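One chain, chain A, appears in both complexes that follow, with chain B as partner in the first and chain C in the second.
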Partner chain A sequence: MINWLYIALQAIINGLLTGALYAIIGMGMALIFGVMRIVNFAHGAFLMMGMYATYVVFQATGISPYYQFPLAGALLFLVGYATYMGLLRPIRGQVDFMVILLTMGLALILVDGAQLVFGADYHQINIPLLSKNIHIGPQISINAPWLVAFAIAAVLACALYWVVTQTMFGRAARAIAQNPYAAPLMGINVNRVQAVSFGIGSAAAGIAGSLLLPVFYLFPEVGNQFKLKSFVMVVLGGMGSIQGAAIAGLVLGVVESLTSLYWGNEWALAVDFVLFILVLSLKPSGIFGSQRA
Partner chain B sequence: MKNWQALVAAVFLFAALFVPLLVPTDYILQILFRVFLFAALGLAWNLVGGYAGQLSLGHAAYFGVGAYGLALFSKLGISPWISVFFGIVLAVICAAMIGTISFRLRGPYFALCTIAFAEVLRLVAKNLPNVTGGDVGAQVPALFTHSATRSFYWAGVLLTAFAFALTAWIERSRFGYYLMAIREDQDTALSVGVNAARCKLWALLISAAITGFGGALYASMFLFIVPDQVLAMDISTEIAIVAMLGGAGTLLGPLLGSVILESSAEIFKTVFKEAHLLIYGVLIVVVVLFMPEGVVGTLTSKLGRFKKAPLAPFAAPAPVAAQEETSRAALNE
Partner chain C sequence: MKRAFLLFSLVISPVFFWACQRSKGPEGNTFKIGVVTSLTGSNAAFGQAHKNGYTIALEEINAKGGLLGKQVELDYYDDQSRPDQAVQGVSKLVDQDRVPIVLGAYSSESTRAIVPVVTQKQIPLIIPTAVADNVMESNSPWIFRICAGSGSFATATLDFLKNNGDPKKLAIVSENTNFGQANNKSMTEAAKAAGLDLVDSESYQASSPDYKSLLQRVKGKNPEVIYFASYLLDASTLMRQSEQLNLNPKYYTSAGTGFAAAEFPTTDKGAGKYAEYTFSVSQWLPSAKWKGSQEFDQKYFKLAGSHPAYHAMEAYAVLLVAAAAINNAKSDQAQAIRDAIKQVDLADTPFGPVKFEARGQNQHPVLITQVQGGQYKVVWPPDAAESKPIIPTPEWSKRQ
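Here is the complex of A and B:
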């Protein structure tokens, strides 16, 4: 029987669709880590903020998240920029320890703040696109919202890659990543570039949240699992490598999907972490990266 | 620790032991139990996170293993206190495995790795319902049947006293100085012959043993545990925050941190309901921004006393780091 092949293929396709969203979350984190060596524990909370922002706008206007996601991106860019300027810049130069703690504290404030404002209930939105499926052949079907989200995520991922590799800003950001002491001597405004990088990284999380809203439940702690996954992606891709994180996102999506298929949904996250520990202990520079841990 | 300091500590210990005779309600005693429990956990974490400077964010692993050890071994028919012992042994074995792998990593990589291990344990506990009861939970035997709340309180006080005495001793021992040397500069410590890997691992094993016992006490107090409660990242963060809030790498820090955090959490629970973690977040941000050495660390350096106290941890300002970098570059040339 060829049936199992179709099932596996379907799982891989689903994995890639999820993976594209993971990829932009991971790229945002990788940008932040690469330029600032900051492990941002508030990344998941930023994603959650993007989701709630989109949810609020959707409830008020009824505009589909697939049109209004730039709004969440803009909001989170500002939040990220302000976070860097207000909270992270004053403690620059202190050990990673303090930065991790600070972003953890920020995440607690945002998550519990959301709980205060919106309550702990689960929310879901309904758009007409959700009921549409695209069939490829007799066996394989793709849920339309995932496909749209995939397309948007792919475009954004390419755009982010282009910004980092081709623009002056990207060059400055990479220079800081390479050597934070020499970069200012070359006339780079380190503070501004880092703040913008933090803003862009946060915006990526916010947009991912926006795109996830139609296909996911919304609740204050929704970001936690994505935060943990973004750590896995950043390590897998090589800390600070943006394209590495993007590939790692796709890999993670497929691995999770196949794990769910063969072992059950509840093991997917555990497999993520086992993969993470294996990579950290065997090849800490990441599968796709060249930097040393 | 000087003699008069030991005397003060002993007086406090006796005062703490007599508190149950004065406190009328079990409710307050339960809160005080929590304060002492987390003080002990903070002290245990402090050995690894404070003195050795290794930011462990996965102490829930040892906490949860201690808790589940008590639950599962006693299900096999072993008496509770021996199960506690087995649970501690299991926590130490876990620590040995986790430490061996994660201590090879530095900085954020280490922190992330400890999180990953704790999360794997949580997910395994969730997904093996035949062994652990899964999300339904596991029953835990009561360690104290006679006047339980008081007994738990006393156990908490004694555990804290033990962790405190141990820390006080380690702080003055060769081992303690090795740990602090590793924190200040691991490469230099290695170059003068400190076996960093072994020292860090020992610190973690001791820490895990105390944390495991704390987990067993906590579990037995509630009589019932689920993975999302005892193996959750919230426990890891709470333990780390207790120590860092009070002052990582100081003897009194975790005690003070636990008093501040647990009491404020209790007060704000009535105001914010489920969102009471908000106050944790605010406290963390305030401490990191304005008192990077924790409450105790900042006070002692402000007062300028306790000259023999360990160097303020984690407060290397940027210019120093920059100098280091350039001097290192100069050495390379």
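Here is the complex of A and C:
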């Protein structure tokens, strides 16, 4: 009876495929939190915007989301950049509560705005790739779009990691994260670096939305559940650690998948938040023990 | 200080005046009927179907001169597919807008939440689509339901199965709000009574992108029949992912709703080809034998550009029933309208005969349909069947 092994393996693969998408969402959130200590409540709304942008382009041109996701990324980068410059910068240095209110308000406006423009109806798209399955042996099957999304997500996650750890910009961003007062004294343009970080973080959410579109469906409130998950990932990954959030995303995907296989789907979300509470209370610096807590 | 107060009163008094005017309610030029449904949120597709159904009935009623000499106006409250909003909606409609009757809500979850509220406010409620049997359990004299309930869904499905191959191993997969849970419970009880072997019972969170692990569990139990209780978004995803996992029960059956929505067999908003061969309970189809069904279908198509499913018809029918009751009551008072609803006996509406038994339930027959060539075809009971059921469901690998 090797059957159960295949079933578990299949569940782990499914979990990793979903987890890779979670990972980009979480990395975007972690970047913003890490550099600015901003809890971005509009992260889910940005993901939703990315989905709608991709949907509109798809409806107009028929180009598969897997080719046109950079568009959503670029759009959301601009949105993120503008949000920081126009809305967040003026209230920097005020109490954190202001930032929470502002991003929450922004999320409400975006979600209701989407409802106004596109209606509350849900949408989905159909691309030929959706009906392609890749079979590995007799037992394991992988749906092609999930695999493509996984590959893109993996490349993007590595690129983001490289940007943050290896480039001048990344060093500047980390310098600000370590000490926002000393960084400008070292000649770092704090506003610009933060705006770009916010832009990149938002772009990550937008791209995740774009990649999710073919395998999911679209409605104005779609971002909420991913926003909640991204909080969990940031905490699990160690408060602003990008690689931590990425790993946390994969872990979350696998844990959900296995929970759903062995205990039933209704527990999957509960387990997310049990993890969240456990980590917060037992190891607040995150399970992937980040240097900054 | 005094001046400020004067200024303040000047500004505020028109607002009060306006508010008082508004709350006068039925004395206006129109007769207001309250409607709670889900125009936004995850059930928006069904809420929109409701609205189209109501709109058609409203036009017919107003074309015939309205009610009690007044044109009828529907006072909508969108519950955003959330039960707490539905409760707020009833309060708003009854306390502020003074409607004497409420129709709705869409989902079983929202409907169960408003049943105690209308009972307490002593306003009649006619339920179009909530199939969970627990919405009728309060025995409130203010509650009426036109659609069949989860118990009838289960017995009709089992009756069909018994006469079509008599499978024994059943798995239930249901979403985790009132609708799914009530259908799960009804089917569990009915299956036990019918001697079926319930090999698996799963419930899930409806807004999840991934049901593959859940379906994997079901596959491991090797059922002959799967009975789904799902809304539309999840129904489409479940069928797509069943194909991905090569899950091949002999029968895909379901408690209607998502599996019976007009959008479900379409490619752009539903499961498309993955919907093929799925069975569903149904309560009405455009091809129904009742007089006016085709006319309703045509009007609906003109209005919405698509063909209706039973959810729209049930909304249409509750408004017709409400209108008949109000006409008979010759009153705009809640109590009189309630008493008239009890007496309603409509022999031929496009939804069939409507008459409420003592507990407020309308006895409505349940059909079984199968998606064949992208269309819902009635396959059971035999006297209503349009075509033969295709059994067993072809395996995914052997489909075109």
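We take it that the second predicted complex is superposed on the first by the 290 of 293 C-alpha atoms of A that agree within 3 Å, B and C clash if a C-alpha of one lies under 4 Å from a C-alpha of the other, contacts with A are read in each partner's own complex, and residues count from 1 in each chain.
Rule of thumb we're sticking to: a residue touches a chain if its C-beta (ideal position, glycine included) is under 8 Å from a C-beta of that chain, and two chains touch if they have at least 3 such contacts.
Keep in mind it's a predicted model, so treat the numbers as computed, not measured.
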With the two complexes superposed on chain A, say which partner A:120 touches: chain B (first), chain C (second), both, or neither. both
What is the contact status of A:269 with respect to chain B (first) and chain C (second): first, second, both, or neither? both
Identify the partner contact of A:105: answer first if only chain B is touched, second if only chain C is, both if each is, neither if none is. first
First, second, both or neither for A:141, with chain B first and chain C second: second
By the touch definition at the top of the document, which applies to A:261: first (chain B), second (chain C), both, or neither? second
Kindly classify A:212 by the partners it touches after superposition: chain B alone (first), chain C alone (second), both, or neither? second
Residues on chain A in contact with chain B in one complex and with chain C in the other? 115, 120, 264, 266, 269
Residues of chain A that touch chain B when the two form their complex: 37, 39, 87, 90-98, 100-102, 104-113, 115-116, 120, 181, 224, 228, 231-232, 235, 239, 264, 266-267, 269-270, 273-274, 276-277, 280-281, 284, 293
Interfacial residue positions of chain C with respect to chain A in the complex: 39-42, 44-45, 48, 80, 176, 202-205, 207-214, 216-217, 220, 232-233, 236-237, 240-241, 243-246, 267-269, 272-273
Touching residues on chain A, where the partner in the complex is chain C: 3, 7, 10-11, 14-15, 18, 115, 119-126, 130-131, 133, 141, 143, 212, 215-217, 219-221, 225, 256-261, 264-266, 268-269
Could you pull out which chain B residues touch chain A in their complex? 53, 55, 57, 101-102, 104-109, 111-113, 115-117, 119-120, 123-124, 126-127, 233, 237, 240-241, 244, 272, 274-278, 280-285, 288-289, 292, 314-319, 321-322, 325-326
